[in-house]
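Shared between the two complexes below is chain A, which has chain B as its partner in the first and chain C in the second.
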Partner chain A sequence: MPEGTLCNKKPIETEEALKALLADKSGKVYYEEMKSLEIDDKLLWKTIQNTLKSRLRTWLKICAHCGMCADSCFLYLINDRDPKQVPAYKIQATLGEIVRRKGKVDNDFMHMAMETAWAKCTCCNRCGMYCPHGIDMGIMFGYLRGLLYQQGFVPWEMKIGAGMHRVYRAQMDVTDEDFVETFEWMIEEYEDDYPGLEVPVDKEGADIMYTVNAREVKHYPEDLAEAGILFHLAGENWTVPSKGWEQTSLAMFAGDWAACKMQVESVYEAMERLKPKRMVGTECGHAHRATVIEGPYWAGRKNGKPPAESIHYVEWVAEALRTGKLKIDPAKRIKRQVTLQDSCNYIRNNGLKEVTREIMSYMVEPGYFVEMTPNKEHNYCCGGGGGFNGIGIFRPQRNKALITKRDQILNSGAELVIAPCHNCWDAIRDLEEEYKIGIEWSFLKPLLISMVEVPEHLQAKE
Partner chain B sequence: MFKKILFATSASLASDYAARVAFDMAQRYDAHMTIFHVLGVPTRGYSQVVLDVKTGEKIELDDEYVSWVEEEIKTYYSRQLETAGDFEIKIVVGFPHREILREARDSHPDLVIMGGSTEDEGVSVYKKSMVGSTLQRVAKSVGCPILIVNRPAASFWGGMSSVVFGTDFSKASDAAFKFSLKVVQALDCELHIFHALDISDLHLGKLMTQDQIETKIRESLKRIRGRYIKKLVKGQDYSFDVWEGIPYIEIVKYAREKQADLIVMAHHTRKMDAEDKRLGSNIEQVIVRAGCPVISINK
Partner chain C sequence: MFAFLTGFMLWLSIGICLIGLIVHLVLYVRGLNWQLDRVAYGAYPAQGFKGAVRSIYRWLIPFGNHSWRKQPFMTVIFFGFHVGAVLVPIFLLAHNLILKEKLGFSLFTLNPTVADFLTWAVVISAILLALRRVALPEVRILTTVYDYFILFISTAPFITGLIARYQIGDYSFWLTIHILCGEALLIAIPFTKLSHIILFFASRAQLGMDYAIKRGGMKGKGIAW
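This part shows the complex of A and B:
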């Protein structure tokens, strides 16, 4: 049987197909079908010839197998230094092998490659910093995922995630109407506490266009209210687009290149339509990478930049605190040991390490902020990056991967971990659930709300 | 006036007293009741795994599991459901407070009924990631009156005949008064209007003399007359009083003395403080302590 009914080479294009795939509990049928999925080796080889550009080709060739990358990989370290977890080995044994065999690989090989691509690499890009040649295995795995997706060898949740983006232009089944309605609902809930609070939808020429993560809309819309409140207190001229509001991209994790382009273009269209001075995205790491760093290239933008200047939420917070738009009540600063999770996707990949620490200098009473070791651009992945958090069949591997972060946190002595990234936040929540080390974790927004001064003219009157 | 009741339940011990009141009210007032259960908290972002709120287990959600939970609920309330009239069972996934608020917003019930805290049933990780209990969050934001039953409501079995309205003379209290009026008129009850003069805060600063206390009590009695008594319809059975003390204790005592079947109060705790996860405000303390259901009105 070349193609399964659920597991096949066709992307999810309709709501019905999405529902059918979702109804397959744990992807049971899906993975069963995958066992007999045929490989279209001609297509695979043709794709490689068309898309494997000089950088990746060079990287594959010049790897000296020196092993310097081994110790840089937290998955290698946590898995008892298994040689099969050495980044260079992992990519040579998969992408390297496919190229050497000119795409002539079998089903077992593709299964192995799928597990390697999604359970042995979180695309954290740490190895790239330690390779004497500057070879970045994370980037190559991102590319490999694309090939695997094309051939249908992609974890069930990732196929669903990419399908969500194709159907809803969001990572979850949240429609544009749901988004606007939910944001307005949240404003209703908080407008008594913050007189004048509103959500300006589709306002042209605003200073800030705010984009979010669909999970905020679906499950914890308080996050939307908190974002609105902070913009309101800072006196910002802001807006949200009624279309193109989703900043994340599970399509990127899935390797669905076409869906990546569709998703990011929806956000760029919103920028072009509303012409904001800047876009600010929510506290999410991969969303920033997808929309701000990689997205311009997916969308074929020559200058490598989104249509409007785009910054991460932490950049906005730091700026608001620096310029005094938001003022922290010194009495309410955090007065217990607190540490900061550096998200790979905007720290290592976008150099925002000093910005987040600047925020800490305002929020935390001097003497209470502690660093993890290692930190900043050398920090380890939370353990759940690159889609790892969401994949059921690789849960045991993921849980083991969390131990790195668990021990980093324990060694720091912190009681509270500030994680301005959805994936990191999830991974830290999960590690608390799994290993119960008695820590708390938080995004920036609720902490900021609990400590910012409300200007007199914005205070609620009883 | 209670034609549509939304009974939000954990289908566990914490909701048992509330269940009694909910089923009784639905039957007595011939109401449509939605038995609303939030099955689990979504976990791991985009994965399909949820954490069952009751068992704490990680489960993969599908129709089969949902119908199993529905059967569980039917079994749990089998005795009450035998005689129940118009009801439906709704099961959803999400964070409990958010889903209850969503349902209340969509279906516009006349009353939301909830039990006390499930805190004693084990603290799961999801609770740590949110400030405030489900009850606090729902009471703060829900757009209709919410009735909470935390302890066995002994006198409730005879229906409602005595309502205590506790006021702090705030705007929110005016709304609570309006609602109390509607209840006592519709259900033909006595209304007892009560204000507690808070002397608890004063211990630290200065001690009030008894003369000062009594002057304040007289002032408050005057305020009650001016603000509420004037608005009562003719023939309404009522009384009013002002006692000094710790407000929530005094309200509970007063309700006990009046054999209240219901306490109505305004909820206007603005901020939820991360440091204070215990039920903080007066009404929340009243909810925990009162021997009868408490209705909270927030706007």
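This part shows the complex of A and C:
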């Protein structure tokens, strides 16, 4: 059977196809079909010839096999220094081998490559900082994922995720109506506590256009209310687009580049339509990576920037606290050991290490903030990045990967971990569930709400 | 024979090496693609240049970045090998005498004791690099025969050079072998992984630009390599 009914090379384009794939519990049929999925080696080789240019080609060629990347990889360290987890080995044994064989690889090889690409690398990009030649294997694994996706060798959840973006322009089955209604409903819930609180939808020329993660709409609607409340308290002129509100991209984790382009273009269209001064995205790492850092390139924007200046939520919070738009009640500052999770996607990959620490300086009583080791751009992945959190068949590997972060947190002595990133937040929640180390974890928003001063004119009347 | 090796063959091997390296660099730069690499190289030349220079500089300084500091043994043998491997061939007095004779000028020359020290450092470091490949499982799994071959042809001119310098055995025989090894190395450079002589700079510059332009270099203090 060259192409399965569920597992095949075709992307998910319709709601019907998406539902059929979702109905296959845990991807049982999907993975069964994958066992006999054929490889289109001509397409594979042609794609490589068209897209593997000097950067990747040189990286594959000049790797000195020195092994200096080994210690940089948390998956190598946590898997008892298994030599098969050395980043250079992982990429040479997969992408390197496909190139050497000019695309002529078999089904077993592709299964091995799929496991390597999604369960042995979270695309955290840490190894690239430790290689003398500057070989960034995270980037290469991202590229490999694209090749595997094209051939249909992609974990079930990733295929679904990419399909969601194609069908709904969101990572989950949340429609534009669902988004607006949920946001409005959540704002209504808090109207009495915060007089004048509203969610301006599709307001043109606002200072801020806010974009979110569809999970917030579907599973954590409180987060939407909290965002609205904080903008309200800061006196911001803000809006949300009724279309193009989803900042995330599971398509990026899946390697579905066409879907990545569709997704970011929906956000860029909203920017062009509403002409906000800036876009602020929610507390999500990969969403920022997808829409602000990588997105402009998918959309063919030569200056590498989205149509409007776009910042991460932590940048907005730091600015609001710095300028006094938001004021923290000194009595309510955090007075217990607290640490900060550095998200690979915007700390290592977007230089926001200083602003996050600036936020801590306002929120935490001096003496209570502790760093993990290593930290900032050298921090380890939470253990669930790059889609690892969401892939059922690789759950045992993911749970093992969480031990790195667990031990980093334990060694820091922190009782509370601030994680302004959905993926990191999930991973830390899961590690607490799995290993019960007695810590708490939080996004910034609920903590800020509990400690900011409400200006007199915005206070609720008795 | 000797005249041929220090005449035609010398120019041929140097020519192949230099032209080959230039071709590598030109092809590398031409193959960069802002959209596929997802780096807006052309849009921010000043930031890109600064990032490229920083990325190279940090790695040319022993213990100049987190990676070198994390692996001090490797750092010592890496620089022990590379410093001599780069400086001795270019600045050795004997090599510059040939240069003077052929082209009428010579470069700064190394003090002979320093040159001896650096050459021994190359040979000893090469042995340690080879042993490291055998001893460490994370390096062993990556190592192929080709890696030993590269190490061997890079070190052979230094070993034979030392034999000739201390006049062990037949001086003219070892000198001839030394020149042959050196020329073989020069010719091999563009056709093997030794092309990293230029591609190291290209690749480091690229990643430096990537971080400077796209991955936060324009926000905050930039990456701490």
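In this text, the second predicted complex is superposed on the first by the 462 of 462 C-alpha atoms of A that agree within 3 Å, B and C clash if a C-alpha of one lies under 4 Å from a C-alpha of the other, contacts with A are read in each partner's own complex, and residues count from 1 in each chain.
Please note the rule applied: contacts are C-beta pairs under 8 Å (C-beta built on N, C-alpha and C of every residue); 3 or more make two chains touch, one makes a residue touch a chain.
Being a predicted model, the structure only gives us computed values, none of them experimental.
Colleague: I'd like to know which partner A:Thr122 touches here: chain B for first, chain C for second, both or neither.
Modeller: Neither partner.
Colleague: For A:Gly351, using the defined touch cut-off, is the partner it touches chain B, chain C, both, or neither? Pick first, second, both or neither.
Modeller: Once the two structures are laid over each other on A, A:Gly351 reaches chain C alone.
Colleague: Figure out whether A:Trp441 sits in contact with chain B (first) or chain C (second), or with both, or with neither.
Modeller: Touch partner of A:Trp441: chain B, not chain C.
Colleague: Which partner does A:Ile62 reach: the first (chain B), the second (chain C), both, or neither?
Modeller: second
Colleague: First (chain B), second (chain C), both or neither: which does A:Ala460 touch?
Modeller: In the superposition, A:Ala460 contacts chain B only.
Colleague: What is the contact status of A:Thr211 with respect to chain B (first) and chain C (second): first, second, both, or neither?
Modeller: The answer is neither, since A:Thr211 touches no partner chain.
Colleague: Is the number of chain A residues in contact higher for chain B or for chain C?
Modeller: More residues of chain A are touched by C.
Colleague: Counting only touches as set out at the top, which of chain B and chain C does A:Gln151 meet: first, second, both, neither?
Modeller: After superposition on chain A, A:Gln151 lies in contact with neither partner.
Colleague: Show me the residue ranges of chain A that touch chain C in the complex, using the header's touch definition.
Modeller: 51, 53-55, 57-59, 61-68, 70-72, 76, 81, 83-84, 86, 88-89, 92, 128-136, 293-294, 296-298, 300, 302-305, 346, 348-355, 376-378
Colleague: Show me the residue ranges of chain C that touch chain A in the complex, using the header's touch definition.
Modeller: Against chain A, the touching part of chain C is residues 27-40, 42-44, 55, 59, 66-67, 70-71, 74, 78, 133, 136-144, 147, 193, 195-196, 199-200, 202-204, 206-208, 210, 213-225.
Colleague: Contact residues on chain A for chain B in the complex?
Modeller: It comes out as residues 22-23, 25-26, 157, 160-161, 171-172, 185, 189, 192-193, 215, 218-222, 250, 384, 389-392, 422-423, 426, 429-430, 432-433, 440-441, 446-447, 450, 460, 462.
Colleague: Going by the contact rule set out above, which residues of chain B touch chain A in the complex?
Modeller: It is residues 42-49, 60, 62-64, 94-95, 98, 101, 105, 124-125, 128-129, 131, 141, 170-171, 268, 270-271, 273-274, 299 of chain B that touch chain A.
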